[in-house]
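Same chain, two partners: chain A is paired with chain B first, then with chain C.
Right after this comes the complex of A and B.
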C-alpha cells in the first residue's frame, strides 16, 4: 500500500486549524467588527454609549466569508491550470487526477460564492441576479467549471478524456484572473476592488477577514489532500481487483 | 421599539435572515462535500483492507 506523504499527515491538521481560524473569523465578524455605515439619519440614538445617526448595514457581514470563498475558488482554478499544463507536458495521469480534484474543489467554492453573493444581492439590490461585469464573468467561470465535468463524463477513452479536460481546464482557469481583475478594468459602484493598499479597512474588520481567508484556504487544502488520498486508494483498489481476477 | 432605534435597526432586522441563510448555505455546501468525501474514503479504505487480506491469503495458499 502507498505510504502516506507529509502532506497527507498535514491534511487533518489543516482541516482542523482551518475550521478553528474560520470560526474565529466568523465570531469576530459578528462581535468586534463594526457595522458599515448606511444612510445618514436626521435623528440620532445612543447605542452602547456610541452616538449613532446612520443606518447599519448588517448585510455586509456576508462579505467576511463571501470574499474568502471567492478567492479560494480562483486559487483552486489556478491549480487546475498548473496541473493541467504539467499533464499536457508530461502525460502523467497523476496530474490529470490532481487537476480534476482541484476543479472539484473550485466547484464547491464557486457554489458557496454564488449562494452567498445572490443572497446579499437579493437584499441589497432587490434582485437575485444582475448582469454587472463581475457577476457576468463569474457566471461564465461557473458554467465552464460545470462544463469541465460534463466534458469528462462524455469521453470514455481515459487518455483522450485527460487531454481534452486539461486543455479545457486551462481555458476555464483563464476566467479566474479576468473575473478577479474585471472590477479594475471596468469599475462599477456595486463591486468593490479588493486587495488594494488604500482599502481603509480598520483592524477590527481586517482581522476577521484575514482569519476567515486563511481558515478557508486551509480547509480547502485539507479537503484537497483527503480527496487525493481517496482517489489514489481507489486506483490501487482497482489494481488489486485486477490482480485478484488474474 | 424606540422609533429612532427602529429606523437605525431597519436594515439590520431586514438583512438578518439573508445573512443567516447565506452562512448556513455556505457551511452546508462545504459540509455535504466533506461528508461525502469522508464516507467515500472510509468505504474505499475498508474495501482495500479486505482485498489486501484476500490477496495475502491467496498468495499464502
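Right after this comes the complex of A and C.
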C-alpha cells in the first residue's frame, strides 16, 4: 500500500489557492490594469473629458488568461519530456504514469490556449487562422499531443506502450523548439511577422499577470496530483482484484 | 590441427550486409518501388484535377515547390509503411535481432534503404512533374539547385520516418498512425525545404540568402533528428 505523500495533502491547498489567486488576477486585470494603446485613430475623440487619439485595446485583457495558460502547457510538456527520459533510463512504470498524466494536463491547457488565442486573433487580426510562426508551432504541438494519446491507444502491451510513448514524447519535445525556430527564421512572402521584444510591463499590469500565472500553475499542479492519486488507486484496485481471483 | 579463428566483422561490413539484404529483397520483387511510383503518378493526376480550374495566367512556379514536397511526403508515407511489413511476416525481424550486433546498425541500414528508394522514386516522378506542369512556364535558371534541398529533405524524411515506422509497425491501425506521428514531426523540415525549393524555382533578388538560410536550417534539423532517432532506436527495436 502506498502512503499518501506530502504532495497529496498539498494538492487541495494548491487547487484552492490557485483558484483564488487566478480569480484575483483576473479581477485586477479588469480593474486596475491599464488598457494597452492600440493603433492610432484617424479621428480624435473626447471620452470622459479626455482627449483620445488612439484606440484602447480591451481585447488585450485575454492576455491575462492566454499567457499563463500557454506557459502552463509548456511546463506540463517539459515534465512529459523529463519523465519520459527518466522512464527510458529506469524502466519504472511509475514514471510512465507521470509522463502520461503530465501530457493529459498539457492537452487541457493546450486546448485552452488554442481557443483563447483564436478568439483574440479573430477580433484583432480579423481571421480565425493564419500560418504565423507562433500559431503554426503551437498547432504542430497540439497535433503531437493528440498523436501521443492515439499512439498509446493503438498499443496493447503495457511495456511496449510505455517505451514507445516515451520515445515519441522525447522526439516531440525536441521538435517543438526546432519548429518554432524554423518557422520564425525563414522569411515568408506574405506575412511579415513583427515580434515585440519590449516586455517591460508596468507594475499595474505585471501584478495581475503574475497572480493569474501562479494561480493557474497551482491549479494545474493540483489537478495533476489528484489525477495521479486517482490513477494509482485504480492500479491498486486492479491489483487487488487480480489477487482475489487467484 | 588447423587453427579455428573467428573474426568479428566490422560495423561497416555488418551494415553492408544488412543494406544488401534490403536492396536485394526489394529489387527481386520491386514491390515497394512499383507501388510508390504508381502512387506518385496518381498524386500527379490529383494535382492535375486540383489545378484544372486555375486561371490561364496562374503562376504555377509559386506553388510548385509546395506541390513537389506534398508529392514526396505522401509517397514516402506509403513506402515507410511498407518498409516493415516484410519484417513482420515470418518474424524476420526477430531473426535479425538474434544476431549479436549494434542495434543502431539496423536503423542505419533501414534508413539508408528507405532513402535510396525515395530518391529513386523522386528520380522518376519529378521529371514527370516537370513534364505535366512546368513545360509551359519558365523556371529560373537556378532550378537545378533544388536537388540540394531534395537530398537534405529526403535524408530527414527517411531518418525520422524509419524510427516512427518501426514504432507504428507494432501498433493497431498503423497506416493512419504513422501519418499522424510523421507529419507533425516532419513539419519544420518541410517548411524549410519548401522555402529552399520554391526560391530556386521562382528565382528573384533574395535568392541566395533565403536558400542558404533555409537549407542550413533543414540541415540542422537533419543532424539533430537523425542523432536523436539513432539514439532512441535501441529502445524501440528491443521492445
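Assume the second predicted complex is superposed on the first by the 208 of 246 C-alpha atoms of A that agree within 3 Å, B and C clash if a C-alpha of one lies under 4 Å from a C-alpha of the other, contacts with A are read in each partner's own complex, and residues count from 1 in each chain.
We adopt the following convention: a contact is a pair of C-beta atoms (placed from the backbone, for glycine too) under 8 Å apart; a residue touches a chain by one contact, two chains touch by 3 or more.
Quick caveat: nothing in here was measured; it's all calculated off a predicted structure.
Of the two partner chains, chain B is the only one touched by A:108; chain C is not. With both structures placed on the common chain, the touch criterion links A:160 to chain C but leaves chain B unconnected.
Looking at the shared chain after the overlay, A:171 reaches chain C, while chain B stays out of its contact range. In the superposition on chain A, A:229 makes contact with chain B only, while chain C stays out of contact range.
In the superposition on chain A, A:86 makes contact with neither chain B nor chain C.
When the two complexes are overlaid on their common chain A, residue A:210 makes contact with neither chain B nor chain C. Looking at the shared chain after the overlay, A:17 reaches neither chain B nor chain C. Between chain B and chain C, B contacts the larger number of chain A residues. In the superposition on chain A, A:66 makes contact with chain B only, not with chain C.
Residues 88, 136, 140, 143-144, 146-147, 150-151, 154-156, 159-160, 163-164, 166-168, 170-172, 174-175, 178-179, 181-183, 185-187 of chain A are the ones that touch chain C when the two sit in their complex. Across the complex, chain B is touched by residues 1, 26, 35, 38, 41, 43-45, 47, 52, 54-59, 61-62, 65-66, 69, 108, 111-112, 115-116, 119-120, 122-123, 219, 223, 226-227, 229-230, 233-234, 236-237, 240-241, 243-244 of chain A.
Residue ranges on chain B touching chain A, taken from their complex, read 2, 4-5, 7-12, 14-16, 18-19, 21-23, 25-26, 29-30, 33-34, 37-38, 40-41, 44-45, 47-48, 51-52, 54-55, 58. Contact residues on chain C toward chain A in their complex (touch as defined above): 160, 163, 167-168, 170-174, 177, 180-181, 183-185, 187-189, 191-192, 195, 206, 210, 213-214, 217, 220-221, 224-225, 228-229, 232, 235-236, 239.
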